[in-house]
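Note sheet for the following structure.
We just call them A, B and C in the order they show up, numbering each chain from 1.
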Amino acid sequence: MSRGEAIGLMLAIIVVAVAAVLPLILDGYWLSVALTAMMYVALATSWTLFSGPTRYLSLATGAFFGIGGYLVGLGMSDYGLSFWLMAAIAPVVATALALLIGLATLRLSGVYFVIFTLGLAEMIRNLVSWIQNNFLGSRGLYVLTDFTDADIYWMLLAVSVAIFALGWWINRSRLGFALRIIGSDEEVAKHVGIDTAWSKVVLFMVTGFFAALIGALVAPRYSYIEPNVVFSPELSFIVVVMALLGGIHRLWGPLVGVIPFTLIWEGITISFPNYTTLFLGFSFLLIVYFLPHGVVGLMQSLVRRVGR
Amino acid sequence: MDRRSVLRAACTWAAAAGIGALAVTSALAEDTVKIGVVSHKTGPLAGGEAVTHTPNIEMWVKQVNDRGGLKVDGGQKKIELIDYDDKTNPAEHIKAVQRLATQDKVDFMLSPYGTGFNVAAAPIYAKYGYPLIAVSAITDKIPELASRFPNMFFTLGSTTGFVEGARDTLVGLRDAGVIGNRIAMVNVADAFGIELADVARPMLTEAGFEIVYDKSYPLGTPDLSPIIKGAKAAEPDAFVAWSYPPDTFGLTEQAIIEDLDVNAYYTAVATAFPAFSAKFGSKIEGNLGAGGVNPDTPAMQAYREEHKAVTGKEPDYWASATYYASLQILEQAIEGVGTLDRQAVIDYIKTHTFDTVIGPVSFDENNNSERYWSVGQWRDGVFRAVADTGMGDSVKPVAKDGWN
Amino acid sequence: MDILISGLLLGGTYALIAMGLNLQYGVARIMNLANGEMLVLGGLAAFWLFVADGLSPIATVFLVAPLAFAGNWLIYRLLIRPLVRRAKTQGQLDVDSILSTFGMSFIFVGLMVTIHGEYFTYSYLADPFSILGTTVAVNRLVAFIAAVAIGAAICFWLYRTQSGTAVRAVSVSTEAAGLVGINVERVSAFAFAIGGAVTAVGGTLISTFITLDASMGVIFTMKALIIVIMGGVGDIRGAIIAALLLGLVETAVATIIDPGLTLVAAYVIFLSVLLFRPQGLFGRRAS
């Protein structure tokens, strides 16, 4: 292990340790802010695992997240199954779906891929609503558990750690190398004998797995699951935006994007209760114009300046 | 990135963080009663909230403060309203409620708009001991929710009670010879629409009706004409739509265009909105819909006048009055207790009867008020209740006679 | 027959939603996520003027078009051009335009909510009209006729005039267009502004038969994105055909199978088109 890696590992351990004790010191409100941030950290980081190196922007997060939340709601409310069973089943279903999507989208590139995933997510949302309407006949899906915010927070933290560990491992593995080549030039990647299709599909399945798992874990917080709420297209967009704000070429990019952005979001919600949406919009514009390379870019140039 | 842009970027973030820090340490005034509410100012439910909740809160706060404030602790304290926007997002909603409870330390909170939001917020209200007098929450899980959250109260009825109202109205019309047995039923494929249709299907069949057309449509369907055409082709005697605001407008417009000739025409949410009658004028005479009120009581008349005077717009003919009643209940309970002790207020709500704009309200062992109107009918520009549970002041429904 | 006529009318509505974005993304290369909000803004203008002053939405169209053109031109000049100049690749521009127009969509929603937070609903030309035995609403028919007129005008402009040829050249390749002496920035700004005006006019017309509210833009943005991509980026004919196809499919499914499946069917069509033609109906193979 090199010196740089050792420092990185130490830093990571400290960050995780601090994050783990937060629920013990924060009050209810700040805990729920931390929980929201943790959810976005997990979602945006797992999104970046695939979209960062390959530069295929996926808008299917909402679909996977929705599968997680919806299956938990359906299993618990209609079939009396346990939360843990459903939280285990949901990611598997999502992974299988991601496999299909991955195989279907192999020929698509650029904006066609982006909008394909968006259309797919919308199709799933409408299909689930229709199935529930015609075959399940549910009377509202309730997820009533005894989980506290702290429990959910710790579960999400564990998921985030797993995502980071996996991301770190992928970056060092042959798979990560392959993905970076795909990102810079897919033709070259093919010529040097990289199985581009397989690499992309596997990574896409990973993001699907995690998004569904997160959706399942967050479901008890919502208590009441509506297909049109959990399969939210807005969530897909926000995850993309948060990851882009941070920077998608580093594993920790989304992390440094999500945290300040969540705080700004809170600040705006509190300061301008009647114009929250308006000022959020302004803050987006400011960030785009003054932070062209995301938070990672800002940090790197600061580091460079200090180093000089 | 050059030096200047780095500096500029750093300044942007610092300024943004500053906004956050400033807001966190907002000063608090000691001699007020702080009341919090988290509303949907944007997002899918914003349009409904703006009609049914927001004007009532504005009016109530003004009324209480104009008379000097709430009578507590031997004196009078004015209301300070703290209001956040959740963008119709459950995660944001939960966070904002937490903030009201732990940061702003509000004395009381008002209920949110929508069943899902009431259920999602209930655990937090329970954790910090706030009474939650839910209005825009219609569910069949009232007993289960009330046993889980003993601080949660229900005022607008259950899904079953609601559908029973519609069934009784249709049965009444059938008994009067106005309609036959054939019903066309459609619903929006979203939580509340699905739930209502699911309850209605067996209930209507049991009452001897034949459902000749039974389809759903997705939220946000841009063209509802195939549905009305399909319903019309099934030659129904009555048309029932478990619909949301945009499709309540859309279906009705198509029904007028297609001249859907039924003697009973029912649409759900938003039929009671003033905008509904403003849009369609006299064409909706005889239309049935969710809600309804008894517009003849002096209390209701005074309420409607005051609402118009203070907020500049008319209240709807359904949950507006009930939401205002929930504010009256809170007000009377606080003044009845005489302090800001929330547990005492919850106990007071459980054990007392309140005099409100919708008449006397009290809660049963499931924290449920079994007094609500469930179906209304447009008559001469007024949406009168024609079915109710426990109210007893509904009028008899009449036939819908064409779209003129 | 019902299906054909109602389907074409719905297709016309979709064309109104998508033609503007097609110009904005196809020519100016801006993935405009605030497209739906621009549409709702057009609807709000119609509602506002109709309720307050009794002005007919048809008249509002002629007010909205120049205002939206000017507004979108300013948006391009002030907010988007810096991003275009800064971007080294189309990928970078896509990322920047996603972020900035997402922000703009929030700003538009925030502004519209302060103007009117309730539903924009009013009644205009909601009268039956019979074509070949099929009853249609006059307001939908008017929107369809407008869609045909706008579509024909754009096609004429693009394929029969010199400035249109320049626009098409830019949509094929900004670099090559620049080399042959076309002012790419000016053409892009113009296309973006025209696109915005078309979208806002579409919103004005659509508000006569669909109940809008301030937050509903995202629905239209998604629909427009789907149609533009299905038709193929940068080809107005593709967008129009995709719009009509979706309208027909949705109406056919609603009438024959189940109205609950209309949107599912529309997305299935979209997905299958991309599976068989990854570049859309009329798109060029990416080089």
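What we mean here is this: a contact is a pair of C-beta atoms (placed from the backbone, for glycine too) under 8 Å apart; a residue touches a chain by one contact, two chains touch by 3 or more.
Remember, predicted model here, so these are calculated numbers, not experimental data.
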- Sort out for me whether B-C or A-B is joined by the greater number of C-beta contact pairs. A-B
- Task: Could you pull out the chain whose C-alpha mean position is farthest off from that of chain A?
- Result: B
- With chain centres defined as C-alpha means, what is the inter-centre distance between chain A and chain B in Å? 34
- So, in whole Å, the Cα centroid of chain B is separated from that of chain C by 34
- Which parts of chain A, given as residue numbers and ranges, touch two or more other chains? 126, 129-130, 133-134, 234, 274, 276-277, 283, 287, 292
- Going by the touch rule set out above, which residues of chain B reach two or more other chains? 41-42, 44, 189, 216, 218
- Task: Please list all residues of chain C that touch 2 or more other chains.
- Result: 109-110, 113, 258, 260, 263-264
- chain C-facing residues of chain B, complex: 41-44, 46-47, 50-51, 54, 88, 186, 189, 215-218, 220-223, 225-227, 229-230, 245-246, 249-250, 253-254, 256-259, 270, 273, 275-276, 278-281
- Query: In the complex of these two chains, what residues of chain A are touching chain C?
  - Reply: 55, 57, 104, 107-112, 115-116, 118-120, 122-123, 126-127, 129-130, 133-134, 233-234, 237, 240-241, 244-245, 274-285, 287-289, 292
- Item | chain A contact footprint on chain C (complex, rising order) | 25, 31, 33, 79, 82-83, 86, 90-91, 94-96, 98-100, 102-111, 113-114, 218, 222, 225-226, 228-229, 233, 258, 260-261, 263-264, 267-268, 270-271, 274-275, 278-280, 283, 286
- Any idea which chain A residues touch chain B in the complex? 27-29, 31-33, 36, 39, 126, 129-130, 132-134, 137-142, 144, 149, 218, 221-224, 226-229, 232, 234, 260, 263-264, 266-271, 273-274, 276-277, 283, 286-287, 290-293, 297-298, 301-302, 305
- Hey, which residues of chain C end up touching chain B in the complex? 2, 6, 9-10, 13-14, 109-110, 113, 117-119, 121-123, 126-128, 135-137, 140, 209-216, 219, 247, 250-251, 254-255, 258-260, 262-264
